[in-house]
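Quick one: this structure, given as structure tokens, is what I'll be asking you about.
To keep things simple, chains are lettered A, B, C and D as they appear, and every chain counts its residues starting from 1.
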């Protein structure tokens, strides 16, 4: 079974990495640069990443900068609505540690709300940086089997290891 | 060995081959992938960008849809707790399959059809009207406000476009005086293409198809800024992939019907004769019909890059107030045409 | 053209209405939520729920030095950063009782107008995608990059310039900027004609925006609407004319005003404004005087190295005293015309290094009322058309 | 409204030298009257309604800025109305009856300073959530912004994987 699982997992990872559709959730000001990232100059759709409408039919959340307490609830709901496997990119300094708005009483650190795969520094990051983050996430998915370890997990070595350790 | 041979025999048995491979399930699926890829590529070219590319730079990103499909296939399927489970689950699957079903009545050449029947136009036209009902069902079963609004929009639009499409089919059938696709195409081979016989009916049917398959500018049921994804809002994973495919499948099937009724079907195929039965009566006519339908589909898909979308009341006003009247007018034209053909025949 | 009944007159709301929560995760909402009550397909009540992007700028500004408030306030609308912060510096300069040298004034005006053009193109793109016209979105955003690039040459940053100083600017005009601008201006003038073909005169777009979201002049005055939305309703209100600042009094331009007040008028008004902005920048580049780019009070504090940088590279360093500014105690307000309308800054100083109170009112915050009073009476499908045409930017309103 | 009464309102205020705004100091009882008279003078809309907190003097000053459209004469462009309120329970009459444009501004002042506007049609918090900030009005001076510092745990700097 192991020999069969490997190519299947590879294909799943490959397909998922080239189909990272970010959900339309704008959390703060970096949304401007997100819009530019998918506009003609950079056209991140060529990486197979197409911004789409709803949490149910997408698989990536791009956190655009600061997350307020009010927005954190929406972020959590959106993330929970999303089917597995799902990925999160934290965009901007605010998503890392509050950025320019450190000490603000209405901000939440996004990594306390959802698990984040990739961070992008900058305030706001250039759109090129976001494109690179998508590219880096693709590579990470393929290398670390982020998409397939849950799917067919019982077949893989990683799944076995998890079982043994527990 | 015997089992495999039997299976191959079964697959090559014309009705099964027809439904499963060409032009049935597999062919339509491949077509779907190419069509959506082409849509994204053409839109990209017009919009000063590339569209999908990096996945397979040498094939201009043609594998993009394969990746999207596989991603949907391996994604989790979430069934909301408040949803009505059975209809929720069955609606998109049934809509996809039933959307493809009219193919049983559509011949690809005088000798290549799954089931011989005399009333094939009637049956094909009747079968195309089923999927909208399932779309409405999907919207209702999802138990989501946006889905319900989307379903309601679909139910309004269905009445409008079905009337236009069915009346324009009726009017061209009136001109041909037959309910058989094969005879209709043969008649077109003798006289001229249906689009020249009754251009008004052809135009009305084209607009009806655009409305029925939610092409721009009639993409109202799934209008994103208003109702998220309309009836399909709650679907995830491959269920959503199916939902997305429904309109493309229906568009292709409608375009096949349109090709046979108005674009002369396999018309120039009679000019080619190689002597081989398979080539002459299956491959060449089949390719001609499919090509015509695909080109038509591409034109429809292209409208996305040029138009915005209408409001529901504007679309309904256009459907009932203008195109319905045009369709009725085409009946009159057909009577006139019938008179002329009748004299000649 | 019939004007639907507006909800500002009392309107009985049926009991069995459908309540829709649009946003914040919804393709038709930005960073905010609308509670829409629907009677059939007609919106009977719209309650904008803002505050999803409230990053508490006013409080944070009280805890930071005067100069450090600039990057904070810039984040209200990073797509229009120059116009957003110019008001703050006008108010601060009133407190400090200084005035920038003429060359700095011209550079400020040029940057503000570039920023305005870019911001308008952004708004068009959003309107395009809301009406389902993805080509319009892509074209507008692609062409916006031309002006982003232009601003980047001037300031060194794509969006968040932090370009102004009290009594000056941070960089001089780079060499070759005039030619770059001329190229960009000619390009966008050509493109505006192409937009007319595919977007403005597109019959499908036309029926969606014509006669939709009609804001009468009376209502605009009553609700205190500002910016292009007010000017499209016949209110000739432009701070650049009424309380001219920087180089505007010396430049010749017109304020386009439309009477219709519908979504189409709001769109066309902005198109005209882009043309006027190009005119302003052309004039400013021609009439720009030579001289220092920073007030001499600060120029005197420059060390030798700083002076050398200013003269050779055209970059104004920030002297140490500027970080610990101590404006005399008092209050001052200033207004500035940004792409979306009037910015109002009200600064209170108690003589310390930090503002005692920094109040900012953004145009989007004042236009929020429009959602509540303009939308009811229209169909649900008109919601994105009206929203897009108002050019509303939630982070700006929430601050 | 006669011209003499109109100028009476304006003459109550003083022109501030720094920015040319007309500053009118008034009381809670007088506030609506002053606003109404200003509106009849052509000050059609509110630009800003906010407050300044002075904890040492135990007062909150409600600051209302009103302005006019299409200003052509030499009337002051912006009028500033300052009203002192009791800091413990700041209550002011609503101005929405005079200026409908005050609606969201007053909601914001309530949100940030806890000023209750008597008669406001829809006085809710607008920017902050009631659940997070119950009884807390962050723009008052006694609300001190917490210094967070930088969070760091052992092993965060290392590369994962």
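Following the convention adopted for this analysis, contacts are C-beta pairs under 8 Å (C-beta built on N, C-alpha and C of every residue); 3 or more make two chains touch, one makes a residue touch a chain.
Going by UniProt, the chains are A = NADH-quinone oxidoreductase subunit B; B = NADH-quinone oxidoreductase subunit NuoH; C = NADH-quinone oxidoreductase subunit D; D = NADH-quinone oxidoreductase subunit C.
Since the structure is predicted, the reported quantities are computational estimates derived from the model, not experimental observations.
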{"item": "Smallest number of contact steps required from subunit B to reach subunit D", "value": "2"}
{"item": "Reference subunit A; chain at largest CA-centroid distance", "value": "D"}
{"item": "Which of A-D and B-C has more C-beta contact pairs", "value": "B-C"}
{"item": "Separation of subunit B from subunit C, taking each centre as the mean of its C-alpha atoms, in whole Å", "value": "46"}
{"item": "Rounded Å distance, subunit A centre to subunit D centre (Cα mean)", "value": "41"}
{"item": "Geometric centre distance via CA averages, subunit C-subunit A, whole Å", "value": "31"}
{"item": "Centre-of-Cα separation between subunit D and subunit C, whole angstrom", "value": "22"}
{"item": "Contacts with 2+ other chains: residues of subunit D", "value": "128-129, 138, 143, 145"}
{"item": "Residues of subunit B whose C-beta touches two or more other chains", "value": "47-49, 224, 228"}
{"item": "Multi-chain contact sites of subunit C, meaning residues that touch two or more partners", "value": "26-27, 51, 54, 56, 59-60, 63, 138-139, 142"}
{"item": "Pairwise touch network: line, ring, star, complete, or other", "value": "other"}
{"item": "Pairs of chains in contact (touch as defined earlier), listed by label", "value": "A-B, A-C, A-D, B-C, C-D"}
{"item": "Complex interface listing, subunit C residues touching subunit A", "value": "24-27, 30-31, 51-56, 59-60, 63, 71-72, 75-79, 122, 125, 137-139, 141-142, 144-145, 148, 158-160, 394-395"}
{"item": "Complex contacts: residues of subunit D adjacent to subunit C", "value": "16, 18-19, 21, 44-48, 50, 52-53, 63, 65, 69-71, 77-78, 80, 99-101, 103-105, 108, 112, 125-129, 138-139, 143, 145"}
{"item": "Residues of subunit A that touch subunit C when the two form their complex", "value": "23-29, 31-33, 35-36, 39-41, 53-55, 66, 68, 70-71, 74, 77-78, 100-101, 103-107, 123-124, 126"}
{"item": "Touch list for subunit A against partner subunit D, complex", "value": "69-70, 97-98, 102-106, 109, 140, 144"}
{"item": "Parts of subunit B lying in touch with subunit A, wherever the complex brings them together", "value": "40, 44, 47-55, 61, 63-64, 66-71, 74-78, 224, 228-229, 232-237, 240"}
